[in-house]
Structures are given as C-alpha cells and as structure tokens.
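Quick one: structure below, then a few questions.
The first chain written gets the first letter, and so on, giving A, B and C; residue counts start at 1 in each chain.
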Amino acid sequence: MKKVLLSIFALCLSLTGYAQETGSVLIKDGTVITITNGNKADTDVLIEDGIITKIGKDLSAPRGVETVDASGKYVMPGIIDAHSHIAAVDVNEWTNPVTAEVSMEESINPNDINIYWALAGGVTSIHLMHGSANVIGGQNETLKLRYGTGMDEMRFDGAPRTIKFALGENPTRVHGQGFNVKPRTRMGVEQVIRDNFDAAQDYKKNRQAYLAAKEAYENGERKNPPVPVAKNERMEVLVDILEGDIWVHTHSYRADEIMMLMRVFNDYGIENFTFQHANEAFKVAPELKKNNAYTSVFADWWAYKFEVYYSTAYNASILNANGVKNSINSDSGELIRHLNHEAAKAVHYGNTSKQDALKMITINPATQLGIDDKVGSIEEGKHGDVAIWSGHPLSIYSTAEATYIDGKKYFDRSEDPNDMRLETNPETDFEETDKRWYNENGRHGKTCLQGAKIRFTKKGMKYKSN
Amino acid sequence: MKLARITVLCIALLMVFSLQVRSQSSPAEAFENVTIHTADGNTIESGTIVWRNGVITDVGKNVSIPFDAYVRDGGDSLHVYPGFIDGLAQWGSPDVPDVDTPERPGDPGYKRAGIQPQRRPASLMKAGADALTKAPKHGFTAAGLGLKGQMLPGQVDLFFIQGNKTKDNVLKSGIGVLAQFEEAQGQAYPSTTMGVMSEFRQLFHDAKALNQQEHYFASVSSNYPAPEENKTLEALYPVMDQEQPFYFVADSKENIERMFWLQDELEFNAVLISGKEAYKKADELKERNIPVLASIDLPEEPEWRASQKEEGEEKEKEKPAEEVQEVTEEMRKFRERQQEAYKAYVQNINKLIEAGVKVGYASNGLDLSDIHKNLKTLQEEGNLSGKQILKMFTQSTADVLGYGQKLGDLEEGRIANFTVFTKSFLDDETEAQYSVSNGQIMEFESSK
Amino acid sequence: MSKHADIIMKYFKSILSACLLVLFVGMSAEAQITEKAEYGKFAITNATIHTVTNGVIENGTVLIDGKKIVGVGQDVEIGSDYEKIDASGKHVYPGFMDAGTQLGLQEIGAVDVTNDQAELGEFNPHVRAFTAINPSSVSIPVTRVNGVTHVISMPVSGRLAGKATLIDLYGYSPDSMAVSPDAAIHLNWPTSKKGGWWDDRSKEEVKKDYKKNIKELNDFWSKAEFYDKMVTAYEKNPDDKQKPDADKKMQAMQEVVNGKVPVIISVDAKQDILNAIEWTQKHPDARFILAGVQDGWRVADEIAEAGLPCLVSTLYTPERDYDNYQRPYQNPGKLHEAGVKVAIATGGVENVRNAPYHAGFAANYGLGKEEALKAITINSAEIFGVGDKLGSIEEGKQANLFIADGDPFEPMNHITQVFISGNKIPMVSRHTQLYQEYLDRGPQKNNK
C-alpha cells in the first residue's frame, strides 16, 4: 500500500508547517566528512532538536532519539547551492535596468517538485536568486529546502540579505538592444551602477533631512513645514547595499567586467561580494584574491553565448589554487540534482583535492551566503543539515540515501514514493507533457534568464503559478 | 437564447412610475399566491410580497394588500427569491485594449502599469453589455461591478442590475478598490508578482507623502509649494485610512499569504475576491476578519471521471478500440490524486463556511451561463446545501458588501430586490419570469 | 603565500606527463589549435585493456599501426619500430561515442550566425549535417580529450530535420572526419501531447494538430515510396517509361524508405512512443532508431518487442512532475532489462564531453558498468552499422581508444591519452591552454 505510505508521508510533511520544526537523530558509525576538520572514520553524529550536539565514537542515543546505522557510508553536510532558480514563481523583473526593490522572498513557490528532487541529491539549502536581466536586479532569498512547508517556513533564518547584480550581455541585450534603454554596452553598465549609487546617497541625505525637519516642525522647533520626500523602495535597498547590510552577488563572465565592478565597489566602500558564474574569473584570480572577492562558478558550462566562449572548465581549480574562495553552483534544476559530481569535476579539471572540491559545495557557498556559522560543515553547534551517502560523495557510483534538515528527515531513498508532488492541478491530465530530449538552445532547465528569454522568443508567454 | 425583453405591462403602470419621482408615495405593487423563499432557506407557501417606492412593505402568508397596489397572482406556481447579488462582476466593463511596449518599460506611467484606482465603473460601463441584460434572468438584482485591468483596475461600484438601465442605477459608489496580483500587460513594469508587491508599497509611500504635503499646504498660509494634483494616489487615501477596503483578488494559498503580508505592512481592510484555494488559509482569514467573495469557477472535471459517469449511464455503448486505454496502476494513483485535488477545489466554500469565514459570491469573470452547472456540482460534491448556496448568493454577499440590512433577504423594510422563478432556483427547468430591482420590475418572455 | 606556491607545484607535478607538450605549446604562442597529432606505430603496454567485446585484459598491450589496431593481448610481440607508451596502472578503453549531438554544427548557442543545426522548412531530407560540420569548432578538442572520439551530429528542426552524420573528432575537413557521412535521417515525431505551461491550445486543437502532422508525414513518406518505386522501375528497364523528374527531396528519401539509411525518431512521451512504434511497423523496408525516449521505461517491453534500439541519456529532469526522481537515471537500465539495445546520446553541443557521466549514471542505476560501457561504445557503432570498425579494442578495428588513470565514468579520474583513427591526439584544448596560461599567471604587466 504505497498509497498509504504516501499519504502518511504527505501528512507528516504537512504537519511540519513552521520553521521551528526540528528533529533529533543519532547517525552511527559513518565516515563523517566534517569539511572543516577532516574525515573521521566510524564516527557518530548526534543531532538534537535540529542542532548537532555531539560528534564522536560510541555515542548513545538519548531517550526517544532514533538511531540510524551509517556503517560503510559517508555522512556529509547538506549541499548548498549558491545559485538556484528552483522553487520560484517569477525569476526576472526584467523591465527596468535597476529593480533593487523586488525580492525573491516574495516569489517563492514552495510546491515546486524540483525542491524534492534537489533533496534527493543531498542538497539542503539554496540561494534563490533573481534573474540576470538587470544591472541591479532584485534581492535574493536563502532558503532551506523544507519541502512540504510554506513560503515563510522555507526561509533560512538569520541569513544576511543578498542582491543580484548582472553585467555584460544579459542586461545590455535586454535593455540596450531590446528596449533602447541604457545600458547597451559594458561602459553603460558601469555608469548605471554609479548613477544609482549616487542617487541612493542623495536620497538618503534628502530623506533624512526631511524626517528631521518634519520632527522639528511637529515639535514646534521649525516654522515652516518641509516638503515631504517619500520613502522609496528602490533607493532604500540601494542605501542598504552601500551601508553593507546587503551582500552583492553579481552575474558576470568577463575578466574586464569583474575588474570594473571591483573598482566601483572599492570607490563606494562595498566589501562583501561574490561573482556568480564568473567564467573568466580565472584570468583575474590574483585581483579577486586581493579584493577578498568570492566566486561561484559552473563546473563546466561554456560556449552557450559569446561571453563564455573563452572559458575553461579549469576555472574552479585555478581560482582555488590562487586562494580565491570559490563555490560550484547549479543555476539549473538538473545540475542541482548532482552537485556532488559537479564538484568532482574540479578534481577532473585541474586536480583540486577532494577535500577542497567538497568545500566548494558546502562551507564555501555557506561563507558566500553568510551562513557559515550555521551550516556548511559538520561541527558541534551547527544545524543538523546533513546527508548520508552510500559511498564517497564525489564518486558517480554514490547516491544520497537520506537528507536531513534541522535533524528532520526530508528525503529517504528507502521509502521514496513515486509521486512526491505537494500540489496537483486537477486540470492536468496524465501524460500531458511534451519536451524534446536534445539540447535546443545550449542550456537546459531553470536558469537565469528564464523570464526574459521566454519573453523575447515567445512574446506574451510567461511562467505563472497563480 | 433569446434576450430578455422588458415588457411594459400597462399604460397605467407606466404613468404610476412616471409620477414616482415627484410624489411622496407612489402606488404599491404585489405578488400573491407565490412561494416565498427567504435567505435562511425557509419558505412561505401561498405568500404575498408587497413593495412600494422600492422598499418591501410586507411579506408573509396573511398579508393585507393595500388598495392602491397593482397585484400579480402567482397562482401558487411561482417562486420568489431574494435577488442574487454578485459581489464582484465585470459586467459591462470595457475590454483591456492592446498595448505597445512603452518607451521606457521600467517607468511606463500609472495607466500603462495598470494602476488606475480612480476609475469608476459607473462612468466607463458599456450600458448595452450583454451580461447586464442577461444577469437579471439569472436572478441577479444587484452587483458590485469592477473593471477589467491589472493591479489596480479601479473602484468597485454597487449597482442595481436593471439591464441597460443599470448604468444609471448606482446604489453606492466605491464600496471598495479593486486590487490584484496582476502584472502590467506585455513589456512593462511591474512584470512579476514581486514587482507588483513592490509597486503596492511604493504607491502607499507616495500617497502618504502627497497626503502629508496637502495637509501642510492647507495648514500654512504662504511660502509652501502647492502639491501637484494626483488623482491616482488620492484614490488610495480612503484605503490607507481604512474607510474603503481593497477588494483583493487572489486564488493560490501563496498569493493569499502575499496579500496578508501587504496587509500587515500597509494596514488596509480587505475583502478577498475569488479565493479558489482560500480553504487552505481559512483560519487566518477568520482571524483577520477578512470575508471572502468566493468564486464558483470550478476546475473542469477530469475527463476520465466525467466519462466514467457517462459510461455508468449507458454501458451498452461501445467505444472504438483505439480510445480504450488500459488503466495502469500508476495512472490509477495519478487519478486518485487528481480527484482529491478536484474535490478540494469543489469543497473550498464549504470549508470556509465551516471555519466561520463570511462567504459571499463573486463571479469575477465567470460566465453567467456556467453558474447553474457549477452550482449543481457544488451541491453534489461540494458539501453545500441548497440553503447554503441561497444564503451565499443573497444575505451573505450583502453582508460582505456592507448592505446586509438593506439587501439580501425578503422582509419588511428591505430594498425590493427579488426574482420570480417558475421553479426552485436550482431546478434545471427553472426560468426567471420577473426580476424586481430597487422596486423596478422587468418581465421576461419564456424561452419555451 | 608559500602554501599556495606549494599547491601549485603539486599540481604541476601531477600533470607532469602533459607538461612537456604544454611547455612546447606555451612557446609557440597561440598556435595550439593547429598542433598536429602524431601518426605511426604505437605500443601501449602494461595496461588494463577493456576490450568491450572480449573482456578485460590485465597487463596487456595494444599495438597501433597507422589507422588500425594490429595487436591486442598479454603476449603481443612489440616491434622495435613501435613507440612505447607505458600505461602501468592505467586503463585502455575504446573511444567513446555520443550517438546524438549537434557538435560541429553550433559554435556559440546564443550567436545565431554560428548555429547551423536548424534549417527552415518542415521536410528537409536533403539537407546534410555533413555539409556544415566545422572541423575547427573549439568544442571538438574539448570533447575528444575527455575520451569521446566519435559523435552522431544531427540537424534538429522541423519534422524531417535532415541527415545526421557520423564523424570522428579529429580532422581538417568533414570528409576526413566522416565515418559515415549520411548515417541517419532525423525525424521529430509529431506529438499528440500538450506542451508545457506555455501551450495554450485546447485539447481539441492538440488532437487536430497531431492528426494534421501525422497526415503530412504519411503523405510525404508515401510520396517518397512511390518515387522510389518509379525510379527503381525506370532504372531496371527504361523502355516505355518516362523518367521521373529529378526531385532532391525525393531522391534523398530513396535510401531512407528502402532502409539503407536508418531513421532516428526523436520521441519522448509514452503514447507518442507507442504511436511511433505502430507507425514504424507500417514501413517494414525502412530501419528505425528511437531517440530521447524519456518515457521509455514505461513501455520498455513494447519497444523491445518491436526490436527498436534506443539512443538515451540520463542527466535530465524527470519527464513528468509525478515521476520518481531516479527515472531518468534508470531509463537505460530498464530498457536494457527488457531487451532493448541502448546507446548513450547526450543531445548536447559544447558539453558532449559529459557523455561518460551520462553512462556512469546509467551504470549506477541499473544498467551496470559493463553494459553502460557497451552503451557508449559498441552498441552505438552497431546501431549505425559500423560495428566492424568502431566500438571495441580488437585487432583489425580502427585505432580509436584512450588511456585513463581509472574508471572514465568517474569524474574524478583523468584521460591521459586519446587515439583517433591511429592519430595520437595532442591532449590540448582551449580549456587546457587557458589553464596552463593562467594557473600561475603571475603579477600584472605594469608590476614587472
């Protein structure tokens, strides 16, 4: 009676309706890949109420805590994808070169089946990013893949705010070529950023002056009332960037544009930033290192557009060898299913050590998202976000067998029903699907320009889940 | 179907009406020997209903009919129901025109962005619209009418539905401001739900600042710049001051939650329109005291299910071999879930009522001709009784619209809004014979 | 800082074998792309040889003379004129083949003018991928240094997209690369299914479109059969017959309808697969191969019974939302289990180099390593009628093979040397060149 199993499972999922939902489990005798403290053979990991409380040998389970045998297996921190567009309603508010005011926080689709499929690949957290159509795009949202809860419950509590910037072909194509609106060139991209930062500084000054004058007027300390300066959603966010409250993740490819942005950031005192994709980051690795910039790259994607033509799959290894903190991301509903193998490609291309390759999908993305004090490694005091693997996670012959978030099991291969949808559309028929198996335009899956691309090729079409 | 024809009953009656405006008291009218159904589902057999000046003056079994009343005898075969109220319909709304890409898609201007809260159905309505003519034949005597559009299409005006005279029969202007998570058309900001969310916030900030400036300007004698007039933002003041609710269209659980987020931040009163998945947020809707004007636009019944039913009726009929599909175990499970989802949508309203949410009705674009079929489904599979449906279509909707004392039921003192059907309103054969809206009577030709 | 230098040194050591070559390359500035392969007599010794067709030979030798393999085994005598390549601790595999790509037809996805895989028109049996293969595509060296030595490259647009070509990945012209210039014709099977969320056709429209598409295909095919019959009859005995008019499309179809060139049918959904099978059975003279076949596991028995080989991949998301997450990985295994001959086809362009990992997933999810190895070597060769030349390490076959430091399905392992048709391929591509140049880039020019 799989059906019964499924409904029980669905029920369990539906009962977990809040972020505080945590679990306890003792995972025994596995090879624990701590990431920050080497591999530990035959070691136990105890998670209590969502937190890793003990790592050691021969631990015994407190009363009521389930024990899981992981002998012969590997226990690894949950994989963190620093660039994802699964679990999204809309991805790109692509109509303006600057849309800092919008936030993926308000574009979460908690029912996306891709969430479960990612869990089945040992992923526990994603950086749900805005698309790359705009120079300054929307804010991103860091999520835990608590499948079966809701939008609010999926948020990663305490993760810093982040925002998407985008350089190069996408913004110049969408706005410059598409709309005849600046920027049409990489020169213009720089000026759009500087103009908006300047405007934000002016806004802050004027808004504060107004609020002060208003107070003074109301207190009778000022004779004439001030002319109101309305609160501005976009400018508020830009001000927060300038003040360091929002970390910047920039879609970028070419070395020159990476250099440009670092100059701009230095001029405005912005310190916390990661270059996303950054296919040519390897060319300026020493400069990135010098500026304490992070990178988050594809394992091997290239040649789907001109600005990634002069790329190399050795990018991650070169960056790593030059001391740049790098992560490997998916930007895809497909790659996210096996990011462990994407990381293994850093060993294939350039002999990055296995340990460093694993860091690129755990602690390094955690650092880039500002959640490295909570996840990304197996350490006492960190969140119980772990996966049990049948073998070494970098091997193609290994599979994730169970995935835990906050000590609660969200995926178990041994009891994995076929249909894991949370929502079913009564109007969708069995077998109502049609897609071509071959690569139709260079890339698969849910990617960056999702919204914009579709709009350009199929006008009026748009992903919507209302 | 033939259009309803308004019949002038007799010259005398016409003269009476023409006097109505001037005279304090015009002659009364009445139906006698009719079955009267009240909103709570009770019936009065062989009853009489009397109205004068647009107001019901008497309802009951042993009612004395005034001497000056024009009386119609129902011959104990007609059924009188309180007039149905559509909480939000788009009848008579001009269609959304095709648009080009604006010069700056990121700053398309209010109109192009779909931000027009100041628009009034009363002034834009197409008086001769088909739906307005048909609505009374479906039992509707009053409706909140809104305009087609995007995030802020305009005001909701409450009308007496009187065919092509509807336009001039506004009961109340601006009972609410229509709002929805609807992006700007084509290539313009906002093009996403998150963009719409930001835009709502920004509009409130801007309205607040303008409002402030207007106050300052009014309060100081000189040396202060005059605020620029802005009808769009000014139309939002009553919403900000919670004098006027947003009639907020949302269907998915997530969009309803998004509405809650906005409500928490911007502090407006809300009526949820449509709410196809509102049952998932029933408790919170109740907690927030948000009533729902629910859609009965149900999902299409899965094909296999509908055909199974048919087959049950006519088993003999053989299907061509190519259309007989083997039902695999996988398919069976899929169908089970599909059916569950279908039922959940169909039972939405019942669950809301059970949770104690106030539920009225809104067509919000549903075609009049689909109502009857969907009501049948709600009765058969939606756990709704005929009584509950009647109440939802009458008193409950009136309550949500703030007219619970005036509309929605048949009792002395209420506005004379009712429909006379040939049979019970849920009967497949029923037809409206008369519609009375604000005391004005229309008679329809039978289609038989 | 010194720590980094250490790391860098370590890397240099570990790739020492490639370094000599690379240093040379470094000196010759940017001329690497045209660096020539070596050609002659090679003896790969002390290797674990995965012959595919004759098991695994430990500590064996492979002799290459010119284009061909001239010796395989443990006790092979090595002539003094053979250049020895010591492969102790290493493995030798036949070159991998990706049985469905667009490699050489597309250079940069988003730059339209570099896209030659999609000609206009619905029926293009006469257009040939062979014509447009760019031997200098930067993607070609990138692919071959990962052990993929052969690909089917195919046009993709319209109903009959054109002829696919089977090429090896080393050469200066399509002619020198072609193993079989017109290896197959590519047919996009008309789907009877609705597309994704963007497909707003009604069910009726979908049905109508399907019928129309099938009819067009059948008409075209019948016309081609008729044309072939006429031409054949004329050629047999021209007397009293009028010569059929020249018709490029019909001429191109002759070798298809008479089975000389197989048809690759791209088809994914279950019902479509069944429809396609039924269709192929109406054309017993032609040969068919299914490709994509994402729902294949659902109808594996039917495919096996029809005797159709399948070109499949594994790294895609499940066809349907309600599919188990492992289905794409399991599909090749389940097809094989039912008795279907499967071959790996990624459908890719610039990342055809990942074909071994598609096979690796298939191996891990039911197909097993041995069968997965066949699926990316001998099976593809046999499906396209070149099993006597490619796909295994046997005496007399073309010398297409590579040396790896471990299981090539493991991304952590490395391919150290590739041979294509006896050519010892420089293990260089844009990706390795950029690595060499930038790994230890050193300070900027102005800091010298």
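Note that in this section contacts are C-beta pairs under 8 Å (C-beta built on N, C-alpha and C of every residue); 3 or more make two chains touch, one makes a residue touch a chain.
Bear in mind that the values here come from a model prediction, so they are computed numbers and not experimental data.
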Innermost chain, where centres are averages of C-alpha coordinates
A
Per the definition of touch at the top, where is the C-beta contact count highest among chain pairs?
A-C
Mean-CA-position distance for subunit B and subunit A (Å):
43
Between subunit B and subunit C, what is the separation of their C-alpha centroids in Å?
61
What's the distance between the Cα centroids of subunit A and subunit C, rounded to whole Å?
34
Multi-chain contacts in subunit A: which residues touch at least two other chains?
418-419, 421, 424, 429
Subunit C, residues touching no fewer than two other chains
322
Touching at least 2 other chains, the residues of subunit B are 303, 330, 334, 337
Seen from subunit C, its contact residues with subunit A in the complex are 4, 7-8, 10-11, 14-15, 100, 102, 106-111, 138-139, 154, 156, 188, 191, 193-199, 266, 268-272, 291-295, 313, 315-326, 346-351, 353-354, 357, 360-361, 363-364, 409-414, 430-435, 438-441, 443-444
In their complex, what parts of subunit A are in touch with subunit B?
2-3, 89-90, 92-99, 101-110, 138, 150-152, 179, 181, 224-234, 418-419, 421, 423-430, 451, 455, 459-460, 462, 465-466
Within the complex, subunit A is touched by subunit B residues 101, 104-108, 181, 184, 186-195, 197-198, 201-202, 205-206, 208-210, 212-213, 216, 219-220, 223-225, 251-255, 257-258, 261, 299-300, 302-303, 330-331, 333-342, 345
Counting only contacts in the complex, subunit A reaches subunit C at residues 113-114, 116-117, 120, 169, 282-283, 285-286, 300-306, 309-314, 317-318, 321-323, 333-334, 337-338, 341, 344-345, 347-351, 354, 394-397, 399, 416-421, 424, 429, 431-445, 454, 458, 461, 463-464
